[in-house]
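Scrolling down, you'll hit the structures one after another.
Both complexes below contain chain A, partnered by chain B and then by chain C.
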Partner chain A sequence: MSWAHHIQELLFPSTVQGGWVWVYIGAGIIAGAAALIALMSTPPRYRKAIVVAVTFLGGLFFSLEFLLPHEPVTAFGHTLLGKGHVTGFAQGLTNAKPSVADWAMIIGSFTLLLGTFNLFHVHGKAVRKKTAGWYNSLAFFISFFLIMVAGFAKDAMGGAAKTISTQAFAILFNGFVQQLDATMFSLIAFYIVSAAYRAFRVRSAEAGLMMGTAGIIMLGLVPIGAILTNWLPHSGPLASLRLENITYWLLTWPNMAVQRAIGFGLAVGWLAMSLRIWLSLERGSFFDRQL
Partner chain B sequence: MGGMTEFANPATYVVEAILVFLILWKILSARRGRELFIRRIPGLSVLDEAVGRATEMGRPMLYAPGMSGLDIVGLQSMAIMSHVIKRAAAYSTRVIVPLVSPVLYTVAEEVAKDAYSTAGVPEQFNPDDIRYLTDQQFAWASGVVGIQHREKIATAFYFGAYAAEALILAENGQMVGAIQVAGTPSIIQIPFFLAACDYVIIGDEYYAASAYLSREPTLLGSLVGQDYGKIVMIGLVLIGVVGVSAIALSAHSPWVQVHMPWVGAFGQFMKDHFLKYFPGHS
Partner chain C sequence: MNALLRFQNIDRRILYIIVAIVLSVPIIMRPARHPDTVFPEVQHAYNTIDSVPPGKIVILSNLWGAGTKAENEPQLEALMRHMFAKHIKFVLLSWDPGGSEISWQSAERIQNDVGAKYGRDWVHLGYKTGAANAIISGFAEDFQKVFPVDKRGTPLSKLPAVSYVKNSGQIGAVVDITSVGMMDTWISYLTSPKHIPLIYCPTAVMSAAAYPYLDSGQASGMLNGAMGAVQYETLIGRGNVATDASAISWALSAAHIYIILLILMGNLGYLAARRAGLITGGRRIG
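Let's turn to the complex of A and B:
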């Protein structure tokens, strides 16, 4: 085993057990904090260059990983790309992709703490100053700590405490969180009705066309639609006038064509935006002051 | 591994190279001072009207970036938010920004702080108005609905990635009488916004928003480059249609097989050298 491999194993071990887990967690936090402090204390002129360089390298990694051929590329009978070490290098980038993607998760974990701090700040102020609806903020603190304690206890404790905390967590999560989620989701049914009422008021030719199309599709998707045109044959030219067939045609052809057209435009827009961010051309949109 | 959809194929190289070239070319020519024209986008032209309404009513505005995280959609949403805040700052109107992503929350806070500073009123920045609510979709929607009703918002902007919560927010915005402007790259949600909002920007107008609002040469150039890119895409679609039609005609029309055999040969050529690079072709 080479010395480079030993260093790699020491810094990025594949598995860590026992007390070493805490050592690595502590070292990771210290290294992260040190990097953050170093970045913050860097003069703005150089900080900007660091941000631009990191953004470019990050974009370059994922671009190369996608663009470099993993197998030799042939066209018109000739191997155009993928000779020599290129495919090996591309495969190496693909193998490293999960580790690189982990960095995003690590940064996300740091910001989760900031988000939680913001929640505590906003709701803490509401409770402290007894502003209107302060009891909602109190409910936030109670539910936050209840589910946090139950969540930790069910994994960390044993015996009766584990049973109780597991049940408490199940009640809080399955009984409250999931049910409230489902309640919010089911409200959409009622909102669709009120939105449809407004949308279907015929105020222009376009609105009339939309209402007519929506009427055909709604009828075509329910049994009554099939009954209305059941007198038409199931095959032959007249079959295409059956409501369920008109519905299928509307959804598959005009609707899909429009969706794909919008999709193409979005894809080109996405590419342009990515390019501007990768090359740090977009920066002026976000931060007018010096970074 | 190595399948057509996972990594680039020759068609990807060619198409991406053309698109990147067009975008960068137009950016450079715009930076050199060339005048570029972009058409009026009604959903973005009403920005001042929407801000003015909130100012007249003395009520805050809501800017909801949806389910966006720190990705292209989220960053574009932040760029639009920056412009909204700058306009709002000129009239001392509050903008409340509820977020679902803790990563985007930190970016939003910095962008808002910067927008107020640029507008010359850094003291108007209130950290409590940039709120991280939760990372759960419907819990976030519920939180935003609460803000809409409690704060009696006068204007609502929905710019970002949206899913089922789009209609919940837009309908509650209607209930509180807010003027609503929406834009999302989530194609499925566009009809819901169209039904419930006053103004909606559709499709790639979402990515045109920052250029339209700022008139910054780099962004304008990029926007014009995008339009050229779309022309390239239309051309590719047309070539594909011709190729597929030739294959279908030669396969199903005996008359074409007898009198126009070159159609079949052309279809086969297209299949071997063009269509095979586009996954999903039949």
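Let's turn to the complex of A and C:
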């Protein structure tokens, strides 16, 4: 094993056991805080350069890994693309992908921390200053700590404490979180009905066509559609008039053509947007204000 | 004429009460009857799972929470029942913290129902956050490095269902159960480059956009919202069992008919108002 592998195994071990887990967690927190402090104390113009460089390298990794040939490309007995060092480099990038995945999850976890910090900041201010509706902010803190304690305790504790915390978590998660989330989403049904009733007026031939199509698809996708045209045969020319068959034709012909056109348009837009982000040409709060 | 004019202005509170009744009655009554029709994309999804070879696992990716539980949970449950019956090992993976817990509970419930065992027949990898493209392309190369432990902290090497999974070579199919567009990421970073079948399970509102992918073969099959789930249940032999999916399919039937009737009533009122000269103005497109 080379010295590079030894250093890699020391810094980023594949498995850690016993007390070493806490050593690595502590070291990780210290290293992360040090990196953050170092970045924040860097003068803004250099900081921007660091952000631009990291963004570019991140994009470059995936571009090169995808575009470089992993096998030599040959034609007429000649290797056109992917000589030894190119394919070796491409394979090296591919081999690094699991480590990149680890980093992606670590960086993603920071966003959870950032979100929690923001919530504490906003709601803490509301409770401290007793602004209008401050009790809602207090409800946030109570909910946050209750479900956090119950969630950790049900996994970490044993015996009676585990039973109690498991039940508490079930009440909080199944009884509150799930039901409230589902209730919020369910409200859409009421608004859709009201909006469809008030806004959908056949003021033109195009609107009539849209209404007819929507009606067929709405009926054809649900069981009642098949029942409504069940008097028609399942095969033969008349079968194509069954609601579910008209629905399927609408989805797989006119709809598919439109979706492809939209998809192509979006893809071109994504490409342009990705290039702008990759090359840090995109300007927004990130660059227009001092970091 | 006056009665028709009133069709345009029904009190919204009445509309809301009828919506609640129309949706609640089938859900409370739980009819067992499943639709006779099975769309080809659902049949293809069934065939894809059915033909997963021994020694390969199926990845069930969950990017949904309680908000779309009515559509996504029946999809997940129907697929899991099929895989338990066929002894196909699978792993659950969640990109939503709420969905992680809900999918865990669903799997435990069905496991107890069919007599399967955690670790032997299935594994839950828990909630994952971060750039999905990096995570997906990473585990395609080294599964156990990216996912060293399961949701409960047990090393994957100690779970027989997945201990042999090294990379994408042991993945037989990917199922993307989602309320958010993530299919492009699976296609770009795993299923197309590694030639792994992808089954797409979106909410109904997202399904229309998936047909080009089905036509190109980049998606092998699709379960279109709760209707896809209820059709899949028919295929796995639960066509006469009262399930959440069958109840939802009839609730949707009732709600769709109600919306169509309301739109027709509103338009009758609109036409009556135009004839009576109460509405002026030109034609409008859309």
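Rule of thumb we're sticking to: the second predicted complex is superposed on the first by the 226 of 291 C-alpha atoms of A that agree within 3 Å, B and C clash if a C-alpha of one lies under 4 Å from a C-alpha of the other, contacts with A are read in each partner's own complex, and residues count from 1 in each chain.
The rule is short, and it goes like this: a residue touches a chain if its C-beta (ideal position, glycine included) is under 8 Å from a C-beta of that chain, and two chains touch if they have at least 3 such contacts.
On a predicted model such as this, the values are computed, not experimentally measured, just so you know.
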Partner chain in contact with A:L119 - chain B first, chain C second, else both or neither: first
Which of chain B and chain C A:M184 touches, first, second, both or neither: both
Partner chain(s) touched by A:Q259 [first = chain B, second = chain C, both, neither]: both
Which of chain B and chain C A:G133 touches, first, second, both or neither: first
First (chain B), second (chain C), both or neither touched by A:S194: both
Contacts of A:G108 with chain B and chain C, given as first, second, both or neither: both
Touching partner for A:S41 - first (chain B), second (chain C), both, neither: neither
First, second, both or neither for A:S235, with chain B first and chain C second: neither
Touching both chain C and chain B, counted on chain A across the two superposed complexes: 94, 104, 107-108, 111-112, 177, 180-181, 184-185, 192, 194, 196, 198, 259, 262-263
Touch list for chain A against partner chain C, complex: 14-15, 62, 94-95, 97-109, 111-112, 155, 173-174, 177-182, 184-185, 189-190, 192-194, 196-198, 200-204, 206-207, 210-211, 215, 218-219, 221-226, 244, 248, 251-252, 255-256, 259-260, 262-263
Footprint of chain A on chain C - complex, ascending: 10, 12, 15-16, 19-20, 23, 33-37, 39-40, 65-70, 98, 101-102, 105, 128-131, 133-142, 145-146, 148, 152, 204, 208-209, 211-212, 215, 224, 227, 230, 249-250, 252-260, 262-263, 265-267, 270, 283-286
Chain B partner contacts - residues on chain A that touch it in the complex: 66-71, 73, 75-76, 80-81, 90, 94, 104, 107-108, 111-112, 114-116, 118-119, 121-122, 125, 132-133, 136, 177, 180-181, 184-185, 187-188, 191-192, 194-196, 198-199, 259, 261-277, 281-282, 284-289
Contacting residues of chain B [partner chain A, same complex]: 1-2, 7-10, 12-13, 16, 19-20, 23-24, 27, 70, 72, 75-76, 78-79, 82, 99, 102-103, 105-107, 110-111, 114, 117-118, 127-128, 130-133, 136-139, 141-142, 146, 150, 164-165, 167-168, 170-171, 174, 185, 187, 190, 192, 194-196, 202-204, 206-208, 210, 214, 216, 218-219, 222-223, 225-226, 229-230, 233, 237, 273
